[in-house]
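So the structure is just underneath, and the comments pick up after that.
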Amino acid sequence: MSGAARHKEANSCNSLYGKDLLDIRDLDKDQIKFLMRRADTMLGALNSSKRLDPLKNMILGKLFFEESTRTRQSFEIAIQKLGGGYTGFNSDKETSVMKGESLADTIKVMSLMYADVLVLRHPDEGAGREAATHSDVPVINAGDGVGQHPTQALLDLFTLRMEKGRMKDLNIAIVGDLANGRTVHSLAYALALFNNNMTFIAPPELQLPRRIISDLKNNYSISTQKTSSIEAALDVDVIYMTRIQRERFKKPEDYARFASSYTIDEDFMSKAREGTIVMHPGPRLTEISPKIDSLPGSVYFRQASYGVPVRMAILKSLLVK
Amino acid sequence: MSGAARHKEANSCNSLYGKDLLDIRDLDKDQIKFLMRRADTMLGALNSSKRLDPLKNMILGKLFFEESTRTRQSFEIAIQKLGGGYTGFNSDKETSVMKGESLADTIKVMSLMYADVLVLRHPDEGAGREAATHSDVPVINAGDGVGQHPTQALLDLFTLRMEKGRMKDLNIAIVGDLANGRTVHSLAYALALFNNNMTFIAPPELQLPRRIISDLKNNYSISTQKTSSIEAALDVDVIYMTRIQRERFKKPEDYARFASSYTIDEDFMSKAREGTIVMHPGPRLTEISPKIDSLPGSVYFRQASYGVPVRMAILKSLLVK
Amino acid sequence: MSGAARHKEANSCNSLYGKDLLDIRDLDKDQIKFLMRRADTMLGALNSSKRLDPLKNMILGKLFFEESTRTRQSFEIAIQKLGGGYTGFNSDKETSVMKGESLADTIKVMSLMYADVLVLRHPDEGAGREAATHSDVPVINAGDGVGQHPTQALLDLFTLRMEKGRMKDLNIAIVGDLANGRTVHSLAYALALFNNNMTFIAPPELQLPRRIISDLKNNYSISTQKTSSIEAALDVDVIYMTRIQRERFKKPEDYARFASSYTIDEDFMSKAREGTIVMHPGPRLTEISPKIDSLPGSVYFRQASYGVPVRMAILKSLLVK
């Protein structure tokens, strides 16, 4: 880091030190902007193969009660790119929970065994917040049921910043299973904080929960649009696709109809506004045709890559004063 | 480490270098005291976030033929806090043993592939000692069937030292499934070496094996007490609880009676001697009520945390001259 | 590394930087010799406990769609002995492929998430080459179906060099399931490149595929021998045994006959030529009697150990200019 960059960072107060990251709503605008600037610095270091070890000897404790590929791996990469290491488990089949241990005890023990930060994924909404009450070290919620996934929301904001030049005042269509996708729930609050205009596109039974819609209106003064028509995504700055889970549909024909009508392909993109970018938290199934992968607006792979500098920024901020 | 501390350590000979740690009885009093002092140093380093790498580039090979959460994780943390790394497997489902390879070959290969120390957990008693005959590098027995678990015994001693100020001349009640618990078998020998008075509390069918009782008497001149009454734990310095495994009981009603009568709760602790501490190797089920977690004598969580500095001390002692 | 050694290395051009390693035929003789010399250097460093970190902060991404003990572990050890770390998955049960993600996307994402090199094992022949087209970073094929396993072939060559003093002009008997063993397919090409004479010993139904035999003849001017008689291994420099998979045989009695007639034991070795060495890629089942393990010619355990310096040489060559 150059002297100037160091100076700049010194000027912005790191108020995240020692904190948990459980819900995107725990962060204010300044904290998010601080993380974005720090992720810039991390991205620069990654691309220049700079050798870093601010987190030397520090250990990330993985508590993945549900399996994950992308999120787990990007945390493992992030901590090691900063000189640290990791321990823990990748599925509930590997833990003492199998022997009947409580979540509270599992969390308490790992935090006391000198893990420096815990990263939790759990099938139950609220598990992150419960975990935090039992931990002596910062807890990062990496997805709790249909609840929150704040590090995903942060990497999504970083993607907007990198690919659209800003993360505010954008028109964003969010498409797919909005009822069950925790990614979307975190993202909606993050986008609202920066005054983005959102259109939620889903079949009625998979629309965003009403409580979130009114929350956005009452607490963020953001009014949003709801529709079941994918056509609404033709005239936006950003199309945010999500995975449709077959098992959510009672009738196979409903799934088939839905999956085929909500697919972004060459034809769709030829009709979309110029400069529109397409995002997806991954893994991608049939929602996006691989035929559009090489279009300049198809940013979903770069989006996955941004998970690493953003999580490096988060880890350093929680762990170093 | 300060100059003085370095001097002190230099004066105490590290006779453990290059050795295996298979059975607590392999260690004499001086070696145990050496490890305790070194664990003190490690604890100091952990609490001051000192950056350590005496084991840089060294690899711990995990051979967990049985799953473990706590022991495996604390070894993974310990080696990384000293600058090293790890490889291996967490369950027999992940190994060449599945393809029919012998234990001897699995051990031999990992030791020859430049792992610097092997940590073995295995369902068969004696597997640790067999493994050591095939390894070119130190082997640590992390539990072999109903046999031994010496690193647990060492962290238990360290807990006594930290929480009672000494690890000798204490009155200790050991409670639970004493027939099948390898933790208890290692611990009994460790406590005997330092002249502690032991009372074994278990239903007759789960009492400590007779051969251990006579061994303690004949080889350590330690006489012990046996009883099935938990009341005997009311007037001791230390209550050491262990997990009861439901499957050991033929009749469900026997388990229910046992589990309820051998539970330490607020009521029990109100009648216990002042200053009594409660230990448990974990995971804790119903043997200890979470309601006593906040009592000063409830040291079982700190006990788990001591596993890290103690295993750091062991690893450094076996691996560095 | 001494100044002289550094000079010597500087003189030999590292043309492997940034390349994939998918098939042993991708390497020319000079590149293989370069890797052998570099493996010498790595072996020296391992044996002198020199502290290395040329790959500090670099991450090896494991994509093991099929489980492996030895290959996976030796890569994990190799990257850490060079100061790097790893992430990824050890079986397809742990991945997003379970959620329906394509191989292309899985590869693309891991390479974009700042993994510095990918190591792939996959049940389908050609998966390595397909993976490479989707990766931004070097891909190492660690076994693709009945296809190739080039790092195994390189460690086999290194074994010949260490144990026979040279890797050319040797008489080598290759024994076992030659139809299905990818290890053998890579090895045959590597041996042909250095003008070794090969005799393939297998029952007719498990002989080396005819296309490889003619390939060796047409493209390497190497004529080879085929037989089903193990007696042909009595007068060679090197016996290369491989594991017989019971499930390849339709009738159990065929397996039994085969397994017993193709076993190398004390009796066989007493009749073999003096100085013959016995190799095996492991895991070893009944093909080699443990009774000959202590003979000087039984090099299969040292062979496993050479996997580490050879893979260190490969990793450094692909990752550092």
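Order of writing sets the chain letters: A, B and C. Residues in each chain are counted from 1.
As a working rule, a residue touches a chain if its C-beta (ideal position, glycine included) is under 8 Å from a C-beta of that chain, and two chains touch if they have at least 3 such contacts.
Remember, predicted model here, so these are calculated numbers, not experimental data.
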Both-way neighbours, i.e. chains that touch subunit B and touch subunit A: C
Rotation angle superposing subunit A onto its copy subunit C by C-alpha atoms, nearest 5 degrees: 120
Inter-centroid spacing, subunit C versus subunit B (mean Cα positions, whole Å): 40
Two or more partner chains touched - positions in subunit B: 85
Interface residues, subunit C side, partner subunit A - complex: 56-57, 59, 61, 84-85, 87-89, 94-96, 98-102, 104-106, 108-110, 112-115
Complex contacts: residues of subunit A adjacent to subunit C: 46, 49, 51-53, 67, 69-70, 73-74, 76-77, 80-81, 83, 85, 90-91, 243, 282-285, 290, 301-302, 304-305, 307-308
